[in-house]
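Next come two complexes built around chain A: one with chain B, the other with chain C.
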Partner chain A sequence: MTPLQGSANTSQHSNRWLAQALVLIVGLLIIVGGIVAVLLLSGKDPASALNLFLQGSLGDATQRSLVVMRGLPILLAASGLLLTFSAGLWNIGIEGQMMFGAIFATIIARSVGNDTSGWIALALELILAAIGGALWALVAGVLKTKGRVNEIFGGVALNFIASNIALYILDGPWKYGARQQTAPFNAPALLPLVPDSGALSLPGIVIAIAGFVLVYLILKRSRWGLQLRAMGHSQRSAFLLGVRTERNVLLAMMACGALGGIGGALQILSPDPVSKGYLFPDSSGGIGFLALLVVLLANYQAAWVPLISLFFSLVPVGMLNLQTQIGLDPTLGRVFEEALVFIVVLANGAAARARHTMGEPD
Partner chain B sequence: MADDPIVRSLASVVRNGAPLVLAAIGETFTERAGIINLSLDGSLMLSALAGLVIGINTQSVLVGALAAMLVGMIVALIVAASSIELKQNQVAVGFILTLLCRDLAIFLGKPFLNIPALSVPYFSIPILKDIPVIGPVFFDQDVFTYLSLLAIIVSWFWIFRTSPGLTLRSVGERPAATFARGKNVNRIRYLYAAVGGSLVGLGGAAYTLSVSTIWKETPNGGQISGNGWIALALVIFGGWYPLRVAFGVYLVAALRVLAGNLQGGEVPIALLNLIPWVLMILTLLAVSGPYLETLLKILPRRLHPLVRVLLRARPPAALGVAFEQEGKE
Partner chain C sequence: MDVQISHIVKTFGKVRANDDISMTFQSGHIYAVLGENGAGKSTLMKILSGFQPPDSGQIVLDGQPVVFASPADALRVGIGMLHQDVLDVPGMTVLDNFILARGTHLLPDRHRARVELSQQADKLGFDLNPDAYVDSLTIGERQQLELVRLLSLGAKVLILDEPTTGISTDQKEVLFNSLRRLAHTESVTVILVSHKLEDVNALCDSVVVLRQGQVTGSADMPSPTATLIEMMFGKDLPRSGQRPGKHAHKGLNTVLSVKALSVPGRRVSLKDVYLDVERGEVVGLAGLDGSGQRGLLRACAGLEAPTAGWLYLEGRDVTHLNYHDRVGLGVAYTPAGRLEEGLVAGLTLTEHVALVSDRGTWVHWNAARHEAKDKIEHYSIRGTSESRVETLSGGNQQRALMALLPQNLKLLLLESPTRGLDVESARWVWRQLLARREQGAAIIFISPDLDEIIEYSDRVVVFFGGRATLIDDPSKTSMAELGRLIGGVQS
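Our next item is the complex of A and B:
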C-alpha cells in the first residue's frame, strides 16, 4: 500500500465516523432538548430532575442493586434474541414467551410452602419457566416452518394470546381475593437475597450471566452457532450446504424462548422491591420488546448486550424516583430509550452510506 | 327500515370498520410499492392523538384530520428514507417506530385522557339513503366512513385500472424492470409511502374524531392499541387486494360487534379477547400456508377459482427489499 492510498483510506474512515457522529450528536441533542422542553413546560426544573434521576438510580447501594436485578430479565431475553437474530429470525413473540415462563414458574411457586427447600423450589420453578417459554416459542416456530406464517405476525398474535391467557387465569382459577393476581408466594419460592446488599440475589445474577455466556460461546465457538449465522446470511445457501435449517429455526426459537421464560420467571420471583413476588397480568411488562431494542442498539454485537441491558434497566429505576418525587410519567423513560435506539440505528445507516459513497468495501 | 336491528348492526360494522379500512388500504398502497411500514400500531395511535389535540385546539375537524395525516405521512416517510437512503432494515426501523410512536402517544396523551374530542356530525346522502338496507348502512354515516368507502373503491381502481397503478405494482414486483422503463423507482416508493402513511393517519383521526371521540390509551392498552397489528395482518389476509382487505376488515368489525353483544354473558372477557388473535393466526395459516393446495384437492373443480380469489396471497416480490440502481455512483 502506498502512502497515498493510506491517507485516502484514513479520510474515508474519518468521513464515515463524521457522518455517524453527526447524526448521533444531532439526534441526542433533539432527544435531550425534547426532554428539557417537556420538563420546563410542565413547570419542573431540568437540573434537579437529572439529580433526582441519578439519585434514584445510582444514589445508594439499594438503588444500584435494583438496577442490576431489573437488568437480569432484560439480559436473559436479549441473550436469547441474539440466537434468533443470528438465524435471521425476528422473534417478536419473546414478550409472550416471557409471560409463559412466568405462568409456568407460578405453577410451582404458588404451591411452595414455608417448609419447602428453597433450592429445590427455585430449580423446579426455573426449569418449568424454561419449558413454558420454549413451548410458546415452539408454537411460533412451527407456525413459521410448517405453516409459513411470518414469525413477526405469529409472534404478535401469540403475545396477545399469552397475556389474555394470563388474564383469564388470574381472573379465575388463580384469583387472589378481589384482585387480578395470585397470592404472594412464600419466601422459599423466591430468589434468596445476599444479606445487607439491598436487593442483590446471587442465584439470579449467576443464572443471567450464565445464560449470556452460554449464548456467546454458542455463537462464537460452536458449530451450531456457525450454522445459525450462515442461516442469517442466507437460509437457502445454508440449506444447500447441508444445514438442517427447519430444525435449527425450531431449536433457535426454543432456546430463545427458554431464556426468555427464565427471564419472565425472574420478573416475578424476586422479593420486593425488585418484583412483586406474585404473578400479575402484565408480568412481562414490555421487557421482551425492550430486549429487542437492546439487541438493535448493540447492532447485533453480543459483547455490548450486558452493558446496554444494565443501562436499559437504569432508566426505569431512575424514572421511578422522578415519578414519586415530582410526579413525572415514567413512560418518558421508555420514550427516551426508544428514541435513543432510533437515532443510533439511523446513525449506523448514515455511516454505512458514507462508506458506500466513498467506495469503501462493506 | 333504519330501525331494523340487523340493518343497524351492519351500519355500525361499516362505521367501526372505517379506521381499520383506511389504515389497511394505506398499508396496501405502501406495500404494493415494496415498502413495509411496520410502524402501524404506533403511528395509528400518534396520529389519532394529533387529530384529537389539534382538533380540540382549532375546533376544526378538518385541521385535526390534516394534522393526523401529516403525522402518519412523516412516520411512513421515515421508514422509506431509512431504507432508501440509509439502507437500514425496514422491519427494524418500523418496529422501533411502533414502540416509539406508541409510548410517545401515551406520554403526550396523558393530559387528554377521557376528555371528549370533537365529534363529526352524520350527514345522509340524498336519494341514495332511501335505498332499502344499502341506504342506511352506507349512506347515512359520517365523513370518515364515507372517506373509508371512497378509499376502497379509489384504491382498487387506481391499482388495477390505471397506468400509474400498473407502475405501482411493477415497482413492488420488479423494480429493476420499472427502472429500465425509465421510471424513478425510489421517487415512486416515496410517493406511495407518503400516500399510504397519510391514509394511516386519517385512520388514526377516524378513531378519535369519529368512532370513539375519547382518548383512552394507557400502557395497559386502550381502544386503538393492537389495531395496527390487525391492519397489517389484514393486508396479508387480503392478499394485497383492496377489496379483499376491506372484506377482511368488515369481518373483523362484525366479529367485534358480535363479541360486544356477548359481553357480560357467560364467556369471560379474556377469552373473548383471545378470538381476534387466534383468528389472525388461522387466517394467516389459510392464506400463506401450504394448506390451500390441500383444500383445493378436496373441493370440486368448479369452486377452485372462487377459493383462489378469496384465499391465495402472494406478497409483492420486492417487498422489504431496497432497490439499488446498478452502476450508480
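Our next item is the complex of A and C:
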C-alpha cells in the first residue's frame, strides 16, 4: 500500500498530489466516455442527460444541500479509515461499526421527548455513537492482536453480527408497530436545520469537517500519526524503534470506529429527506464500504478525501433525477463509481510497478 | 553422476562470495563441503542446484555442460537439494506432498504413488506413514520425505545442507546409513554441506574446504581434525592488530546477569546458560548460525520468551519485562536486517528522528529536521534529512541505525553490526561502539566473522547445539581451539 506522505517532504508531497489529480481526471474521462456510450446505445441524448444529472444534483439549493448532507457520513467514515489504512490495517468492519454507532445513538434518540434540549440530546447521541463504533472496532482489534484473526476476516464477521443484532433489536425490544424499525424520533433528537436551506444542518457539517481536520492533523503533525505511518510501512521495524504497535492497532481501530459510529448516527439523525429519522435494519446503508472506496480512490492521500466523498454523494442524487426524467436505472451511477475506483486503483498499481522497475523505491 | 564445476564466480555487490571455484565430485562418493559462516558454501550449492546462476564459470555433468534456469531444471537432469528448512507443504499429508511435484496429470494416480512412496522409503530404511500430516512429523521425518521425493524424481546427485541440525541421534544414524547405501550401491553422488566435523568424520569419503569464497584445501577422510580446522579458519596469526585497552572482567558493576536461561528455538534450543556482563565490557557470541546465540541475544532484549531461568539488569529481575519496558531501562537492540527490522523503509531520516524522540503529542518538524541534519553530520551519513532510508547504502543505513540509538545506554545488544559492510565502514561502526563502551555501556554482539569477535571482544561465548562455553581470555585461545568449540569437537 502507498501510505500517506509526511509533511517532512513537501516537494514530493505536491508531486504525488498532482499525479493523483492526473490519475483521477483520466479515470473520470474514461468513465464519462463509458456513460456517453451507454446513453448513445440506448438512444438517449448524452448532452441532455448530463444536463438532467447536473440539474438533479446541483440545480437548486435543496439538491445541493442533499449532496452535502449525504456526503458527511462518507467523509467521517473515510477519515477514520485514513487512520487505519496508514497503520496498515484494512478495517473492513467499518460498516458494522457505523451500524453500532447508529444503534448506540438510538438508545438516546428514542427516549428524547419533545421538551428535551436539542443540543444536549445531540451531544449525548453523538458521544454514545462514538462509543458504540469504538467498542465494535475494539472487538476486531482484540481479535487481531490477541487472537491472531486478520482484521479483514474479523471485520466481515462482525459486520454480519452487527446487522443481525440490529435486526433482533428492531424485531424485538424496539419494534414499532408492525414494522422493523423504531418509532420516528422526536424533533429535538434530530440534527437542527438551517432555516430555508433545504436539508443543511450546521452541527452536522461542523462535526464531519472537524473529524476530518483532526485526522489530517494527527497524520501530518502528531507523533501518534507518525507512529501509525511507520507501522504501515513496517510493523516489525516500528516495534523495534520503540512504537507500541499492539496498543496502536487497538487505538487506531477505536478511533476509526468512533468516527464511523458518528457517521452512522448522522445517517439516522437527519430529518427527511436526507435520512428517515429513525433506526431501521439497513441504517448503515453500505456507506462504510463506500468510504473504503473513497480512500482507495484518494490513494490514501488525505487531502483528496473530502472532495471524493462529496462526489460519491453527488452521483446518486443526480442519478435519481435521470431515473424520474428519462427512466435510467440509478444503480448505473454506482456501477460507474465503482468502475472509476477500479480504474484508479489499477492506475496506481501500475504506477507503483513502474517506479519499482525503474529502481525507485515505492 | 560425475559433477565438475570450474571457475565459478559469484559476486554480491562488493563481496565475492565465490571467487573462481573449481572442484569435482565423483559418482558413488560422499563429499563434505566445509567452511565457516560466509565462506561461500551456500552460494556454491545454490548455483549447483539451480537456485541462482553464476556470474561466470561452468557446471559439467558426466561430460555435458549444463545451464540451469531453475531448481526444477537442475532436478530434471538429476541434481536434488535437501534444504536445511525442508521445502514441503505443512498442511498436507505425506502422500500429497509426494505427489505434488510429480503430477503432470490432472488426476494423479494416488494408488501408484502410494506404492512408489513406500517402496522408496523401505529401500532407504525410512518409516513414513503416507497419511500423516506433515505438520505432525519431526524434522528428521520431513527430511526423509524430501529425500524419498527427490530420489523418486530421479536425483542422481544429492546435496544436503546441514541435515543433522535438529534431528535425533537415531534419525541421524538412519540418514547416514541410507546415504552410504545410496552412494555405494546405487552410485549416487552425495554432497554434505556442514560445519560439524563429527558428522563429516562419520560419513564422508573426502572433504573440500572453502574459506572466503575460495577453495583452501581438500583431503581424503579420515584426516586429522587439526588439519581440517586449519583449512577452515586459517592459521593462527600473530594478533598484532588487536585493539588496545581490553577490559578485564572483575565481577564488579554487573549490568546484565543471565542465570540458568533456556530459550526455545525452531531447531536448536538454548539450554541452561549463565553469563555476567559488567559495565564497559564487550562480549562476543560466536558459533555457527542457529546454534543458540541469537536466542540469547533476543531473550536479553525481551523479544524471545525464555522457558526457564532469569535475567537481571543491574540486579533487577527483568525476566518478565517486555522489550519496550527494557528499552526504558537503558537496553538497546539492533537487528541484522537493517531495512527489514531496524529502519522503516518508506520513511525519511527526519521522520525516523522524530519517531524515536518521544517528546510531546505533536512533532516539531523543523526541530526534527535540524536534529536529523546534526546526526547526518555527526555520523557522516551520505544522504539528506529528506532521504528515505531505503535509498541509503548498507553502510549508511548502519550509520543511521547507530545515530538513532538513545544516549546513556546500559546494555547494547547487536546482531551482526557490520554485516555486508566494507572494511572502512566496519571500522567506523566499531569506533562508535567502543565509544559507547567508554561511556559505560555493556555490549553483547553476534558476528559470523570470527576475526571480528576475537578482535573486539573482551570475552567470548561459543555456542554449539544450544550449549554455551565461556572463554575468559580470547587472546590466549588459539583459533584451532575456537574452531573446535564451534565445530562441536570434544577436545
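Throughout what follows, the second predicted complex is superposed on the first by the 295 of 362 C-alpha atoms of A that agree within 3 Å, B and C clash if a C-alpha of one lies under 4 Å from a C-alpha of the other, contacts with A are read in each partner's own complex, and residues count from 1 in each chain.
Definition applied: a residue touches a chain if its C-beta (ideal position, glycine included) is under 8 Å from a C-beta of that chain, and two chains touch if they have at least 3 such contacts.
These numbers were taken from a predicted model, which means no experiment stands behind them.
Visitor: With both complexes overlaid on chain A, does A:Leu241 touch chain B (first), chain C (second), both or neither?
Guide: After superposition on chain A, A:Leu241 lies in contact with chain C alone.
Visitor: With the two complexes superposed on chain A, say which partner A:Ala187 touches: chain B (first), chain C (second), both, or neither.
Guide: neither
Visitor: For A:Val142, decide between first (touching chain B), second (touching chain C), both and neither.
Guide: neither
Visitor: Using the superposition on chain A described above, determine whether A:Gly154 touches chain B (first), chain C (second), both, or neither.
Guide: After superposition on chain A, A:Gly154 lies in contact with chain B alone.
Visitor: In this superposed model, does chain C or chain B come into contact with more residues of chain A?
Guide: Touching more of chain A: B.
Visitor: Once the two structures are fitted together, what part of chain A is touched by chain B and by chain C alike?
Guide: The overlap between the chain B and chain C interfaces on chain A is empty, containing no residue.
Visitor: Note which residues of chain B are touching chain A in the complex, please.
Guide: 38, 82, 85-88, 91-93, 95-97, 99-100, 103-104, 106-107, 110, 219-220, 226, 229, 232-233, 236, 268-271, 273-274, 277-278, 280-281, 284-285, 288-291
Visitor: Looking at the complex, which residues from chain C come into contact with chain A?
Guide: Listed in rising order, the residues are 323-324, 327, 333, 335, 340-348, 350-352, 354-356, 358, 360-363, 365, 368-369, 385-386, 388, 390-391, 404.
Visitor: Where on chain A is chain B touching in the complex?
Guide: Contact set of chain A toward chain B: 90, 92, 143, 146-150, 152-154, 156-158, 160-161, 164-165, 167-168, 171-172, 282, 286, 289, 292-293, 296, 329, 331-332, 334-335, 338-339, 341-342, 345-346, 348-350, 352-353, 356.
Visitor: Which positions of chain A touch chain C when the two form their complex?
Guide: On the chain A side, the touching residues are 3, 6-9, 12, 221-224, 226-227, 229-230, 233-234, 236-244, 361-362.
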